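Each of the next two complexes has subunit A plus one other chain: subunit B in the first, subunit C in the second.
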Partner chain A sequence: MNRCEVTVVGAGPAGVAAALVLARAGVDVIVLERGERPGTKNVMGGILYPTEFEKLLPDFPKGAPIERPITQERFWLMDESTVVDLGVTAAEWKQHPHGFSVLRAKFDPWFAQQAKAAGALIVPNTTVTELLQDENGKVIGVRTNRPDGDLYADVVVLADGVNSLLAEQIGLHPRWKPDQVAVGVIQLFTLPEEEINQRFGIKSDEGLEIAAYGGATGGLMGQAFLYTDKSALSVGLGVLLSDLMEAQITPYQLLDRFIQHPAIAPLLEGAQRREYMAHLMPEGGYDAVPKLYGDGVVVVGDAAMFVNPFTRQGMNQAVFSGRTAAEAILQARQLGEYDARALSEYGERMRNSFVLQDLRQFREALPYLEQHPAFLRELLPLLTHGAKDLLSADGRPIGRKIDQLMQQAFAKQGRLGLARDAYGLWRRVR
Partner chain B sequence: MSAAKNATTTLEKINVPPADDLLATNRYRTDRYPHIVVRDQAVCATCEKPCLFFCPAHVFSWEDGQLLVSYEACLECGTCRIGCANDNLEWHYPRGGYGIAYNFG
Partner chain C sequence: MQIVVPIKQVPDTMVVRIDPETGTMVREGAPAITNPDDLHAVEAANQLKERYGGSITVLSMGPMQAEESLREALSLGADRAILLSGREFAGADTLATSYALSMAIRRIAEAAPVDLVICGRSALDGETGQVGPGLARRLQLTQLTYVKEILDVDQQARTITVIRETDRQRVTVRGRLPALLTVDHTSFPLHEAPLPEMIRAAKVPLEVWGGADVHADPQLLGLKGSPTVVHKSFAPPQPPGAQWLEGETDTLIEQLMELLAQKGVKIDG
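And then the complex of A and B:
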């Protein structure tokens, strides 16, 4: 009978972080990955923040296959023709990068290698099909698609990603609803490094991310983005599945529109499309977070809904939760018990961490925005259009332009209604 | 009857397949066992079939009163599993090492 102390399902950032901490403490840990190597199934649409990686690997990002430090972040409000651009850059980011662009097919194998070097066994090409439980429901191992593929363990770490079929199987959470996940699609284009530098006005050790809202996603709840890799550009968007279903448009059409936008198309001119990716993003927020532990089992990373669409972070939380789960397992190991009570330390520490506190901060914001679509569908377009209108010298007196904009702003719901909605949103995020 | 006809017209309009080369640059190792299976075609016949447009890889198409599943193109995102209101898809991950394999990510 195959047996180890801890089995980790999934070699993404959360699973690997857990395995790294456990292996360093001398625990016999096996990571099962369904891809042919770590990273071949993984997708991200944004910036890797180094904070949590540095806690595990003090020299980070030394040796890591990062693409570019992100030295400029830009926020775009768009309609079909216009962009209102707010850029943020800081001298400190040049000295100590606050974030990096990475390509997951390169980065994830490198991170997994760090766990392997610490003594973890990483087994690719292996899909876990179900959790094995004893007669009391305690998780005692996993069943894989390999012949003779049962693997028994004291604890199973579920790092099996946003769909987390396994956590769902044992009832740690119900199946996600369409308003709890966003559909993300990305096209990756290659372009020579020098050309990227020239086009974006950056040097080789600088990088830029554009996060675009409003018309960028066809007015649907979500955001579009473009960021620079070393010699490639990642362009994508993510929209709430429930919004997508209501709009009856395909995600690739939505992305095509963004790519063909007059402000985006010139940036991609002549670039070669090399890959098209899709992935779900967990966006159910605080109230969708599953039960984080049970007898013989803990849930980490995307599988635990640890993504915050407002702070736009997920990998940070994944690594933090993987490490924290591993530390709780080490404590339980000293007691020689792996039941829910022994593992409850993990839940406690997650509740007291930035991960759940940030999710809690925005607990009511996303539902509020969904219930008040006027923000996205009326107010944002008006801001974009208004900016263009006020800056155009078209012979109309400025006073009349302002009057007209005000009338449009208040036409739908009145002065009070708009103020009430804005106040309502502010109250829910403060 | 005319309502149903209207629905069909709408479906044809929105069910725009992606450009031919969109998925062509992706690397797949196709499993011979499908990992997405329709449980009951009769249920699909009465459904509005949002799967025809929310799938990022255009895996689903409606032909001759049947929901066809081109699982070979699947990007394994799981959207259809959550979006199918009738829970009419048997969905699991492909066997280890099979399916989509991203080169960039």
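And then the complex of A and C:
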């Protein structure tokens, strides 16, 4: 019979972080990954926030395959022709970058290597097909697609990413609905390093990210982005699956429009289109977070819907939850018990963390925005349009322009409606 | 019986593209896989081990990433994995490669004599098929290429009997041990590694050797030891009139159906 103390399903950042902490404490841990290697099944790029990685690896990012530090963040509000641009740079970011662009196909194997060095076993090309339970429903191991493929364990860590069928199997959460998942698409464009530096006015050890809203996603709720890798640009967007279905548009079409936008196209001129990839992202917010633990099992990372609700980024949350789960397992191990009560510490610590608090804050704002589509469909376009209008020297006095803009705004919503919506939203994010 | 299987990690040529201007392979972004012929060499060794006992050592030369291929070979039955890695090995042609591997095999043989070396016929990326024969020459091994079947190993008489198959002929040959065999992906079908073997493969410590560990002459290693000069390489031209469609599968299918319809092709169902 195959046995180990802890089995981790999935070698993404969440699973690897858990395995790293457990292996360091001398726990016999096996990570099962369905891909040929960690990262092969992952969306190819991302911005990584180093905070949680630094807690595990004090020298981080030394030795890590990062592309560029992100030293400039830009927020773009767009319509078909206009961009309102808000940029943030900070001198501190030069010393201590707040983010790095990475290619997951390189980064994930490196991170996994750190867990291996600590003593975790990483078994690739192996898919977990179901959880093994005893007669009381306690999880006692996993079944894989390999011959003689059952692996028994004291605890199973579900780090199998978005749309965790395994968590669903044991009833930790119901099947997700289309309005609880977003579709992320991303495309890589290669361009010589020097050319990128010149185009964006940056040096080789600097990088920038543009987060674009409004017309960038065809007015759908979501965000488009462009950021610099070393000698490539990553361009993508994320929108709700249900919105795509309603608008009857594919994410690829949306991305194509973004890429052809007059403000984006010149940035990509002459660049070579490389991989294109689509992936789901959890988007259900606080109410969709599954039960985080059960007898003999914990759920971490995307599998637990842990993402940043503002930016849809999840690596930091994945690593935090992986580490926290591992620490709770270590405590349970001292008691020699792995039932739900012994593992409840994990749920407790997640509830008090930035991960769930951020999600809670957005619990009402997101549905509110969805129920009041005027914000995205009318107010944002009005803002971009208004900005352009006010700045154009077209012979009209500024006072009259403002009057006209206000009239347009109120015509759509009514003075009260607009104020009520704005106040409502503010109250919910506060 | 001690068997050594040299293996190589290669870019997946199903995915890799050829730069039409320079004629060279664009390796960047192509996933790395274990050279398919080499996996069948491991399988051949595994079948012999099951029949006659013994141990299998897999050996590779390449960057640290080649560890993945070595572990895959371990899961298919190998017992020990050695990686020749270091700057001194970089840029090797087939001559320098067979030299480095032969020195490593000599070192392996110091502990216990090597009876068989089994190689894949050729590598996806180079397609030369020279390394196996080069090893046989350097190590004075009986050379048996294109082996389809291994009929018998007589450890007493120190002979091996195999069926060789080339385009023209199929012959049964008996040769003296130690021998070098080359096999390709059409024989020795792979078995699926069971989970305990996958776990064992993850556990086996990887031995990493440099040029000095195998007492190699640095002048004969890597780029220095490689007289091969690539005179010219080219990508076979794309047939004229071909039309390339790009995009998402669903839209592609639609476009394709439309194009075919335009050209008057009738599609049933």
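Simple rule for what comes next: the second predicted complex is superposed on the first by the 424 of 430 C-alpha atoms of A that agree within 3 Å, B and C clash if a C-alpha of one lies under 4 Å from a C-alpha of the other, contacts with A are read in each partner's own complex, and residues count from 1 in each chain.
The criterion applied here is as follows: a residue touches a chain if its C-beta (ideal position, glycine included) is under 8 Å from a C-beta of that chain, and two chains touch if they have at least 3 such contacts.
Predicted, not measured: the structure shown is a model, and the values here were computed from it.
In the overlay built on the shared chain, the residue A:Asn197 is in contact with neither subunit B nor subunit C. Contact with neither subunit B nor subunit C is seen for A:Gln408 once the two complexes are overlaid on the shared chain.
In the superposition on chain A, contact of A:Tyr252 is made with both subunit B and subunit C. Judged by the touch definition given at the top, the superposed model places A:Leu244 against subunit B, while subunit C stays out of reach. Contacts of A:Thr51 after superposition on the shared chain: neither subunit B nor subunit C is touched. Looking at the superposition, the partner that touches the larger set of subunit A residues, subunit B or subunit C, turns out to be B.
Once the two complexes are overlaid on the shared chain, A:Asn2 sits against subunit C while remaining clear of subunit B.
When the two complexes are overlaid on their common chain A, residue A:Arg274 makes contact with subunit B and with subunit C alike. In the superposition on chain A, contact of A:Asn163 is made with subunit B only, not with subunit C. Contacts of A:Ser353 after superposition: neither subunit B nor subunit C is touched. Taken together, the two structures place residues 36, 40, 124-126, 144, 146, 250, 252, 273-275 of subunit A in contact with subunit B in one case and with subunit C in the other.
Of all residues in subunit A, those touching subunit B in their complex are 34-36, 39-44, 103-108, 124-127, 129, 144-146, 162-163, 165, 175-178, 181, 183-185, 187-188, 232, 241, 244-245, 248-253, 256, 273-280. Every residue of subunit B that touches subunit A in the complex is listed here, in rising order: 10, 14-16, 18-19, 21-23, 25-26, 29, 50, 53-58, 75-79, 81-83, 92-97, 99-105.
For subunit C in complex with subunit A, the residues that touch the partner chain are 29, 31, 33, 65, 68, 71-72, 192-196, 198-199, 201-203, 246-248, 250-251.
Of all residues in subunit A, only 2, 30, 36-37, 40, 109, 121-126, 144, 146-151, 250, 252, 273-275 touch subunit C in the complex they form.
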